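Paired with chain B in one complex and with chain C in the other, chain A is shared by the two complexes that follow.
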Partner chain A sequence: MDRKRLLLAEDDELLASLLNYRLEKSGYQVSLSNNGKEVKDQLGKEMPDLIISDIMMPYFSGLELIDYVRNELKSKTPIIIISSAGNEENVLSAFDLGANDFISKPVSPAELIVRVERELAKNQ
Partner chain B sequence: MAINFITKSTYDLKAKKLVSQLSQMETMLDAYSFEELTSDEASHLKKTFNAFKKCLDQMIFKPVISSQGGQGIEIRNQATRSTGLMENKTTVNSTMLIAKVSHEIRTPLNGIIGFTDLLREEGLSNRQLSQINAIQSASNSLMEIINELLEYSKLSSGLGNFETTNFYFQNVINEVVYLCNTLITRKEVNLRTAIDPNIPTVLRGDPSKLSQLLINLLGNAIKFVEKGEILLNIKIKERIKNSIHLEFIIKDSGIGISKKNLKHIFDPFKQADNNTFVTYGGSGLGLSIVKQIIEKCKGEITVTSKLGVGTTFTFFLPYEIGKDKDMVNKEESTLNLDEGIKQVSKMNILVFEDNILNQKLIETRLKSWGCQTFITDDAYRGIDVLENHPIDIVLMDLRMPGMNGFEVTDLIRQHSNPNIKNVPVIALSADFTAQNEEECKVHGINDFILKPYSQEELLSKLINNKISEPTSSSKPVTTSDCNKNPIVDLTSLLDDCMGEFELLENLISLFKQNALEFIGACRIHLKNKNYEGFGFASHKIKSGLAMLKTNSLLSIVEKIHEYGKKGTGLEELEILYTAFIKEYSLIDKAIDIDMAKLRKIK
Partner chain C sequence: MLEKLTYKIIPLISVPKIHTDLLWDLTILFMGLAIVILTTVFYFRKKLTANSRKVREKKKELSPMVSEFIFYSTEASKEEKHIYIEHKILIRELLKNDFDRKVLTSILLDLRKDVSGETQKQLIHLYKNLGLHEDAYKKLKSWRWHIVAKGILELTQMQVTDSYQLVVRFINSKRSVIRKQAEIAIVSLKDEGISYFLDNTKYRISEWQQLVLLEVLRNNKGFEPPRFKAWLTAKNKHVVLLALRLIKHFKQNDAKASLIELLKHRNNQIKEEAIYCLKEFNVVEAVETLKLVFWRCSTNLKVMILGAIADLGDSGDIEFLEQIAHKKLHFSVKSKALNAINTIAPESIMPTKDIESTDNIIVPEDIIIETMTTESNEEQAVEKDMDTAREVSPEKNDALPFEVDFPIKEVISDENSNIEEPEEQLLDFLPIVMTSKEELEEGEVDVNLLEVVYSVIETTNKTEEEEEIVEDANNFTPGIIDCSISFLPIVVENDIDNVLSNEEKLFQESMIDFDLQYEEIDWEQEKMVIEEILEKNSDEAEKHVEEINSIKVIYEELNVDGKDNDAEEQFIKWPESQENRADDEPKEEEIEAIKSVIPKPFEFDEETSALIRLLADIEDFGDHREIPFLTNLLKEEYRPLIRERIRDVIYGIEKAIDSDDATPRHSIFEQLFEHCDKESKLILIDEMISIGDENEVNFLSKLINDSNDAVRRKAEMALKAIKERLSKVNIIKSDTAADDPQESQKYPLAQSNEDEDLLTFTDEFILEDQMNTGINQKVNSVSDTKMNNSIISQMISLPIKLLAKLNG
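This part shows the complex of A and B:
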């Protein structure tokens, strides 16, 4: 079976390395990015099976990212948003724009993996 | 605090310049379009920037001590190898040389003076007592000469240190007169004072320089008068608005000075004749120091004298008139010894000192005051004492083999227990250089005692630095229950890492790096009143804090974030920033301890 490709856009190095490690351990192929611009470039070239993105990102926010994927690239790739605690407004906007799921900080890696699995299963 | 920071103003200036350049760079980076970079260029940029940052970190957190210190030693070696060459060397930094040499002399002298002091209390025979007196008076004059030499070289090199503070004029005079009266022994000399009652109670200027001047001139007079009167007369010369000119007259009925000698009286190393030194001793620097101090204070000094009749020194000094309400409510500066001893008895004092002589000396003295003492020259043994005994004050010798006093203080200041972390540390050193005093501040040392010191000096420093109970003022704001609940929880993070210890180590080092970056960023944002910067920086560190479950830090950062977003509350931000640093040092230590534990389990 092909390894599923995930794009993880998270500017917090700490969280990114932890999640990267856990996701790879769970059998995913992860490409990491710490800024929105880079994510945009990557997505233009190749669409992963699922996108995990922090809402607050330098240069290109998670919300802009969703908008870009859904409206410009016209892709239905599942997007899971990572949001800071107590940032309800952003989460609602994310759902409005077409995010599939969200997880709030502090992120439990195990929980994220379950959510990733669920989204991918839905899509098959 | 008694520490004067000579280089502070230049230090501030340099730091300001650096910060402004850094923020300029920041703006430039912000404006730069990173879109145009290829990934190679970007990675190169990142590497360069990291190298720069590392270099900067090193400079900020581990400043290299000016090479002058080393030079001093080198110079001395050269000097001993080829005497006479020294004056010709243009690179010779005489101030540093004097500071170095005087340190070498002060250290053993400290032992000599202290022990003769102690011996005196041993119930000696009269013969022994008079011998002890001779040793003591010889060491005291040696000390005096060294001090004057040092003072002179400092003044000549412009390093002389003047403070401007509000002080009670009459108190300074009382102290001086009291001290001078103790100098008059077995002499039929009467010290009389006439002080204008209209002189304002509080003046602004340098009280210690004033007392130094008066002690020097009155001391001189006492030396040269065998029988008769010394008069200290202080008058108001002029009073304009907020400033006042005082006239000080010191008149004695001593041996007087000839016209020929009077001309050179303020020149360094000049005494009336060689015989003067034989009879009266001294370095011959006292009066030239007096003159230099007065001139630096924008005053002037004149002298008139007649052989066999006496000498009159007259000097003028300008002062600002201070306000009584500006005065900090300090204890009386003159310290009652018995009263003082009562205040320090039962204190637990930890002493870091490597010189066995000085160890015994300070132990005996502190014990005689009823203090409990712990003495060591080993950092870890000392920390062990701190962890197992309620220590009130740490006395820290700065020069020790192995870990020096600054490093040991760093260890104490990083301790996870707030009671240990905040224990007052008083540095003891025979080293007089400005660098040391600046460094004391950097390392969180509370006060400084120059060796050798009198028991009064030690006593008053102990009292001044004693934390009065309850210790509410010195208690860190946010660490109330750090002992009850663990302040970090790494086991759950290790679980998240699926037990991969190496990953955990990586994460921790990332976290620490982020925290230091955050501290650095906040410092710059504070200077620039950059609220947006606060918002961004605090956002950046938040998730890491949440991962480590460091709730105390997280709540501080959340508040910083709020103020940053609101764009107001610079004062609050400053307080929060300070709180963050305090709390972070606890967390940092706690992490290390936790990591060590986890490593063992692994």
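This part shows the complex of A and C:
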């Protein structure tokens, strides 16, 4: 069975590493990106099955990423947004742009896994 | 150009003569200093950069390890377990290095902010497990305040509850940063922290800090707040303030009296908070105190108090509010007072600002005609009704639903308040023309220019005053009625008439029915019928009595033996008539005779009672050991009742002994035999020969039929030996019985057993041991007790012992 490919865009290296470990342990193939530029490059090469992105990232924010994926790449790949608590405006904007789900910081890795599974199941 | 000047420049300051070499020297010096500074800056910058790079790299190195520890589960694969163990060893090594420890702590603290749930718990657990909190403890001992604060923060974030006692001492630290950090720490580490903090804090608690503490408490899951009213009496006003905020937050409405008292506090903030609490808990008892303290408060507080009165007050407070509106106070206070009146009695005060008079408005006649013509017939009818309504008499007015929401009362003007009696012309602004709600809201009320203030307006929903209102309405002159209620929807009158008429009809109809039914019942006739029924009933009753009397009663002889219990139970004792009872009543002489026959209750003296109790106890708890005592007692006792009782007790004990003896004898070796090999069995049989008694006879008899020859033979030998020994014992027993025939008669078995043991074992200590192990416990105890209890028995036992020793 093919492992699902996830793109994790998170500028906090520690959190990214932790989530990466957890997601890989759950059987996903994860590629990490610490900033928007890297994300753009990776998306240009290959479209993952799901994107997990922090809303606040250097060079290329999460909102821009959603816009890029939906409008330029014309992809319907599910996108889960990670946002800080009390950042409702950005979350609403993300949903407007086409985000599928969001999870707020502090992140519960177990919860993230459930959301990823759900989104992937929806997309199948 | 200088020549053209009209004035001459006189050089007042002459240029100092500086040696050129000195200038060069200075230049070189400053350049050197600049180089040093720049070098230092670059050096430190580079160092810091290198350090941060090193930290970053270390974090990269350690973070997967941390993830491994956090997400490790016991169900992991072999490979994962191997990696886990390797990491464990590695991390232990790393912990020896201070830098690595710092980086590890930093990683865990960073991650703690970003993760939640089970992962966070694991993270905290890992922090403690690695002993990183020890570093935080060290930080608390630092003389640098920022390091101490950092240590407290670390312990708070990682929920190291053990550090509570260490942190507590910082809550009154002179350094505000340390103090604030410690306050947060003790409140978040333990539930009782807030109580300790409020009890002990001496310093000011800033607004921000109060918010932070409130937030900490709010996020503390399972926190059970203490009753914060306890701190309303605190000396520290900031504590009181925080307590008030906590009371409001946790909705603890059990401190009403204290809250009211705090309205008198000198501190305005405390007053404000108290007012908030009183409003929150709807403490209507506070209104009087609010009115009292109002006059000594600042404008802002006055506004707040008026707001509170608006919420808590009732119509009785309107007078007070009107007074405020009349006083020379700040416009916002006056405005709030009017606002409060309107809150208590809605729309009591109407908008006055920029309201135009309608007196001068001339309505063109043609428009009236036009409208009249366009009006429907129904509207015309309404108009007609309105005309008639204006002419309605006061009596008829009572029946009308009085629709005036706020009957206007003329109030006697206050001379001091410079209020003029409103003239009739000024009544133009009154709300005869009803404005919409929106317009009212939009209309601004200039309180200073308000002309209509001085009329008391009461709501119709005040039931206590409804009668007054109706009276007032009745007392209105037709002119006033015409003026004031002309706008009312008189159409209602017809409806009411209709309703009333319908209801009246229905009522009258029902009354007619009722009357008819009532008329049908003739009292006299009814009385006769009742009398007839009563007579009939009494006749029937008499007939029944006669029938009963006519029944022949057959008397049978009473069963004296009382065996027929059923018949006794079925027998019903009928109450006898008064006459019969009088006949059967026994005479006094007879009663006395009967009384003399009845034995009088026997009363024991104290000694006898004690003896009876003792006998009862012996009966309940005693055994064969009590028999000698009882026998002696029987000999001494002369009272028949007691003697009988003693015999009973002895009989009971003997019966118990007999029943014990009747039980089949069980060898202790039998159990051991079940689980041992041949060799062990043979050893056990040897033991039986040496210490066995009649208990072993049965068992040995069984062993004679054993499948194993060796066992069988050995058993035969053992049985023979025991039987021989028992026969010797019987001889001794018979001798003893000859010495004490009574005893031997009573306790043959006991006697024999005692002698047997003593004979078997020459050494008394061995005998004691045997007794302790429970072999022949009962029999031994009998002999032992007897020996202890009776000198004679001891004397008897002495020759027996000697004889036993002689026999070997």
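By definition in this document, the second predicted complex is superposed on the first by the 124 of 124 C-alpha atoms of A that agree within 3 Å, B and C clash if a C-alpha of one lies under 4 Å from a C-alpha of the other, contacts with A are read in each partner's own complex, and residues count from 1 in each chain.
Simple rule for what comes next: a contact is a pair of C-beta atoms (placed from the backbone, for glycine too) under 8 Å apart; a residue touches a chain by one contact, two chains touch by 3 or more.
These figures come from a predicted structure and were not determined experimentally.
What is the contact status of A:Glu111 with respect to chain B (first) and chain C (second): first, second, both, or neither?
second
In the overlay, answer first, second, both or neither for which of chain B and chain C A:Met56 touches.
Touch partner of A:Met56: chain B, not chain C.
Once the shared chain is lined up, is A:Lys25 touching chain B (first), chain C (second), both, or neither of them?
A:Lys25 contacts both chain B and chain C.
A:Leu15 in the overlay: touching chain B, chain C, both, or neither? Say first, second, both or neither.
Once the two structures are laid over each other on A, A:Leu15 reaches both partners.
In the overlaid three-chain picture, which partner chain does A:Lys37 touch, first (chain B) or second (chain C), both, or neither?
In the superposed model, A:Lys37 contacts chain B only, not chain C.
With both structures fitted on chain A, tell me whether chain B or chain C touches more of chain A's residues.
If we count touched residues of chain A for both partners, the winner is B.
Take the contacts of chain A with chain B and those with chain C, and give the residues found in both.
Shared contact residues on chain A (touching chain B in one complex, chain C in the other): 12-15, 17-18, 21-22, 25, 105-110.
Can you name the residues of chain B that touch chain A in the complex?
Going through chain B, the ones touching chain A are 34-35, 496-498, 500, 503, 506-507, 510-511, 514, 539-540, 542-544, 546-547, 549.
Sort out for me which residues of chain A touch chain B in the complex.
For this pair, the touching residues of chain A are 11-15, 17-18, 21-22, 25, 37, 56, 59, 84-85, 105-110.
Name, in rising order, each residue of chain C that touches chain A in their complex.
Chain C residues touching chain A: 56, 59-60, 63-64, 66-68, 70-71, 107, 110-111, 113-120.
Please give the residue numbers of chain A that touch chain C in the complex, ascending.
Answer in residue numbers: 12-15, 17-18, 21-22, 25, 105-111.
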